[in-house]
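Each chain gets a letter, A, B, C, D and E, in the order it is written, and its residues are counted from 1.
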Amino acid sequence: MLSVFVSVVRRDLLLAWRRRSDVLTALGFFLLVTSLFPLGVGPEPDQLSRIAAGVMWVAALLATLLSVQRLFESDEADGTLEQMLLSVEPLAVIVLAKVCAYWLLTGLPLVVIAPLIALQFNLSPDETLIVCATLLIGTPTLSLLGAVGASLTLGLRGGGALIALLVLPLYVPLLIFGAGAVDAWRAGLGVQSHLALLGACLLVAFAVCPLASAAALRIAQD
Amino acid sequence: MLSVFVSVVRRDLLLAWRRRSDVLTALGFFLLVTSLFPLGVGPEPDQLSRIAAGVMWVAALLATLLSVQRLFESDEADGTLEQMLLSVEPLAVIVLAKVCAYWLLTGLPLVVIAPLIALQFNLSPDETLIVCATLLIGTPTLSLLGAVGASLTLGLRGGGALIALLVLPLYVPLLIFGAGAVDAWRAGLGVQSHLALLGACLLVAFAVCPLASAAALRIAQD
Amino acid sequence: MSDSPLSAARVPSAGFSLFHYASPQTFFPLAGKLLWPCWIAALLLTVAGLYTAFFVAPTDATQGDSYRIIFIHVPAAWMSMVIYMAMAFWCAVGLVFNTRLSFMMSSALAPTGALWAFIALWTGALWGKPTWGTYWVWDARLTSELILFFLYCGYMALQAAIDDPRRADRAGALIAIVGAINVPIIYFSVKWWNTLHQGSSVSMTQSPTMATTMLTGMLLMALAAWAYTIGVALVRVRAIMIERERHTDWVRQLSQAGSNGDMNA
Amino acid sequence: MTEPAVALIEARALACVRGRARLFSGLDFALAPGELMHVAGANGSGKTSLLRILCGLSEPESGEVRWRGEPARRVSDDWRDGLLYLGHRNAVKDDFTPLENLRASAAIAGETTPEDTLLRALVDIGLGARLDVPARSLSQGQRRRVALARLLADSRSALWILDEPFTALDVRAVATLAGAMSAHLARGGSIIYTTHQPVDIDALRRQTLNLDDFSC
Amino acid sequence: MTEPAVALIEARALACVRGRARLFSGLDFALAPGELMHVAGANGSGKTSLLRILCGLSEPESGEVRWRGEPARRVSDDWRDGLLYLGHRNAVKDDFTPLENLRASAAIAGETTPEDTLLRALVDIGLGARLDVPARSLSQGQRRRVALARLLADSRSALWILDEPFTALDVRAVATLAGAMSAHLARGGSIIYTTHQPVDIDALRRQTLNLDDFSC
């Protein structure tokens, strides 16, 4: 079970490395959104730092929403998904491995690059730390929830719009807690409760999403 | 030549209608970005109206950048592109038809929905008109340039990131003129020069892009 | 799913058991008979409830008359949660026992659930303006109720997007069951978080803290909502049955009988 | 239980509906270990649909599949463990070389086949000269061979379910594959396959199921 | 110029390189109107690559293709006008019904085939019962038939270039297609095709090009 997990993660990372694009698209998108904004909005530092956390969270959310849709797409198209369903290993573990690789490719780079973006938005070190922490806890949840949406809408007409309808409502609370943490800090309130909430969401998603996604995949292949 | 243009436009529209998602994704994305921002940024009306044009242009640009990549993808995958290359009709006309359908599906809806978004950002009627006008002239250019990028990167490793790299430098001037028009108006300057520049870009793109894109497709299929 | 011996297709239609009514064929006429009682109860209870709400219940000391929104807001909020749980229940039953009818029940409930969720949101927002000074805040209860509304929409949209009814049922069931986590969150959010929204005042364990007339009005309205919901769901489930089973013998016989004038028999 | 007494896989009164069309119904068969079954039928008669039901990828409209005498759903781990399914689609990743592809399929299936078995399978199926080329640049027949190499590396599965394994293969590859199938049968494994091409496969026990006989 | 004197299509000293591999070189042939040419060769011998060169989708490493006696590049409009190419890939859109697919391919090719010719082609190839089903739900063979229906609707092209047209087809469809090919030949059209299956096609003049003879 562990070995299949490791091999699937490794496989997906290698595949992404070969294609290159998948590694860079989400990151590139994040960089783009966050750098175009100052360009479009105008460079007043005060205004920028006020919208920073929001912009970064929205960018992370969109980066996930747009790319997660393709999580199972190529495996479906070339028949690999069938083989996953027929595996002796539990499907949920394979799904978890895929989500994990996906997060390493799209979520983690955002967290790593975030301090740079924060700099560009004039955030203080403390605020930067808070934004990075919320992103670190929040993005895996985004990926897990996105995987459920992706498997539910696999191969459907209107997949792109449907996945947004299904997943976005679940993303909004994360966005609010995530972006709200910095505001709370500025207002002199603690950020623990925000982080704890994000952590709780992650735990629940971790427990529920792989199973739900696996079930949805079985239904989709019927 | 006209008849093949019309049939290809009709075919692409029908295809998009069947899939539904393609019609809605770009529009949905635009709506999302523009509505999430107020959420993340906070609802102060003044701040909102100042960033409005920038947010809308960035959203339109991203919506194009993300979806144009798939313009030739499915035709490539199922072999239709080969048939297009073998057509008696000039390939550039077919490409132009595809871009045209693409704009009708992704660009035009943005222009139509823009007044609504403007409302949400507290723009005045005049400003709304200016934003819509810049989008109306600007989005076809975005589509045309995007098509060249899409055909250059067709089937390449790292297509997504590459296309951004190729096309973005060409998009940035458009973004600056487009988003700048409202600021110019606010500053009491005329907007004609901005609009004229956007129009000139459109004309050049219209003349050059289909040919460039057709040439790139021939090379990609070799 | 497991082909259990209880599967509707195999239950012999003779002999009474609970599963007797698990087949569309036998449930259809039963649903027809239940319709009128539901409509009448809904009408009477609404009239009684509205009368209590507007003429019997006193004006509130701090909020004035705006508090009367409560008579719609609270029953709507309750119903939106109850219906979701009912949907999740039917979906679970459907997945376990492979009964077609339970999925149909669930699809029939969804639009009404969405309606109640929408009403709860809307009345809540209207009420928020006079009491909190704003239509909307991202408070835990409000957010989770909004999510409930979107879950209903997602469930319906997903079912509409899938052509094969069996697949649509099961994909929808997944949302319904997983989304059910949200309902306790809505209910307990006021307890778990320190929020703007007010806590529960009606509870099983403590004596009610509000005026009895207010409580009566609310309960009457809630019962009316129940009756309406059941009635509408029955109408809708009958329509779904006919739509889905139009190729089977019993629907064909029914439509012949129907053309002779008697659909409810 | 002695081996021949219990069928490896059995279909009981299977029926399949796709869209509004009922493809077949009342389909029964039993396949013993070591037996070969050819599923015949015109295009669209439901061969692929049947094969997918037999390996649990889709649900029959009614009827049931039994695995070693038990309802297959109830012993689904055992069932999946004993199966090797190759469909129309190759499950070959364009960006991987043949060896990487084979390694990935083995990992996904939960098998731990040693590296040199995989390598030998690729060489045996005639891809020895193409080991370092990404599958994207392989010819149609070569891609199919990458998928089929899994069969040559397999010695564990009790039942192979093959959906048109011979498409796109040249004469020599067809012979190699037929040889591998015979060897599998000789080992006591069973095979269910479809094909529109006449191919000779050595088998002691064989049956043909013509879906055109069961169509409604 | 009398018809038989000038070859329809000619290859002169063609050579093809893919990646680091030289697939074939010094390849010459001439195909007269009404002639059938079977391109044979093992998997990966370069059949698909040759066919793509012959219709101008890719460039040969050296040598040239001539169309009706002229260098094909110079008369490329004429060349493209006289060709009908069907590759490995079906060019069938999942979301279109068979008729919509056929209509779209005709439009893209720049042909204006009347609607009822298209419809008759679909019925003739055996898709009459599946006209309103999106291609996504068709079986493998049925999808291939949608692509092949273009041949039955065509009466204009001088040369058909068909890359493994018989894959996934059942016996009856193979016969229908072979009949259509014979009819095309009888009309004076030419055909270049590849296949790994033995199929009988009536032709007065035929030749076989075995790529294994030209490999380096």
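Rule of thumb we're sticking to: contacts are C-beta pairs under 8 Å (C-beta built on N, C-alpha and C of every residue); 3 or more make two chains touch, one makes a residue touch a chain.
None of the values given here were measured: they were computed from a predicted structure.
Peer 1: Which chains contact both subunit A and subunit B?
Peer 2: Intersection of subunit A and subunit B contact lists gives nothing.
Peer 1: Using the touch definition from the top, list the chains contacting both subunit D and subunit E.
Peer 2: none
Peer 1: Measuring from the mean of all protein Cα atoms shown, which chain centre lies nearest?
Peer 2: Taking the mean of C-alpha atoms per chain, the most central one is A.
Peer 1: By count of C-beta pairs in contact, what is the leading chain pair?
Peer 2: Chains A-B share more contact pairs than any other pair.
Peer 1: Please indicate which chain is farthest from subunit B, where distance is taken between mean Cα coordinates of the chains.
Peer 2: With centres defined by C-alpha atoms, farthest from subunit B sits D.
Peer 1: Using mean Cα positions as chain centres, tell me which chain lies farthest from subunit E.
Peer 2: C
Peer 1: In whole angstrom, how far does the Cα centroid of subunit A sit from the Cα centroid of subunit D?
Peer 2: The computed centroid separation for subunit A versus subunit D comes out at 37 Å.
Peer 1: Just the number, please: Cα centre separation of subunit A and subunit C in whole Å.
Peer 2: Result: the chain centres lie 33 Å from each other.
Peer 1: Averaging only over C-alpha atoms, locate the centres of subunit C and subunit D and give their separation in whole Å.
Peer 2: Distance between chain centres, rounded to whole Å: 47 Å.
Peer 1: On a C-alpha centroid basis, what's the spacing between subunit C and subunit E, in Å?
Peer 2: Spacing between the chain centres: roughly 60 Å.
Peer 1: Residues touching two or more other chains, restricted to subunit E: which are they?
Peer 2: 88, 95
Peer 1: Would you please write down the residue numbers of subunit A that are in contact with two or more other chains?
Peer 2: 18-19, 157-158, 162, 168, 172, 176, 222, in rising order.
Peer 1: Quick one: which residues in subunit C touch 2 or more of the other chains?
Peer 2: In subunit C, 164, 166 touch at least two other chains.
Peer 1: Give the list of subunit A residues in touch with subunit C in this complex.
Peer 2: Touch list, subunit A to subunit C: 148, 152-153, 156-158, 162, 165-166, 168-170, 172-173, 176, 180, 204, 208, 212, 215-216, 219-220, 222.
Peer 1: Given the complex with subunit E, which residues does subunit D contribute to the contact?
Peer 2: By the definition above, subunit D touches subunit E via 18-19, 41-44, 47-48, 88, 126, 130, 133, 137-142, 145, 164, 167-174, 196-197.
Peer 1: In their shared complex, at which residues does subunit A touch subunit D?
Peer 2: Residues in contact with subunit D: 3-4, 7-8, 11, 14-15, 18-19, 74, 77-80, 82-89, 94, 221-222.
Peer 1: Mind pulling up the subunit C residues that touch subunit A in the complex?
Peer 2: 138, 143-144, 146-147, 150-151, 153-154, 157-158, 161-162, 164, 166-167, 170-171, 174-175, 178, 181
Peer 1: With touch defined as at the start, can you tell me which subunit D residues reach subunit A in the complex?
Peer 2: 55-59, 77, 80-81, 83, 85, 87-93, 95-96, 100, 104-105, 107-110, 112, 134
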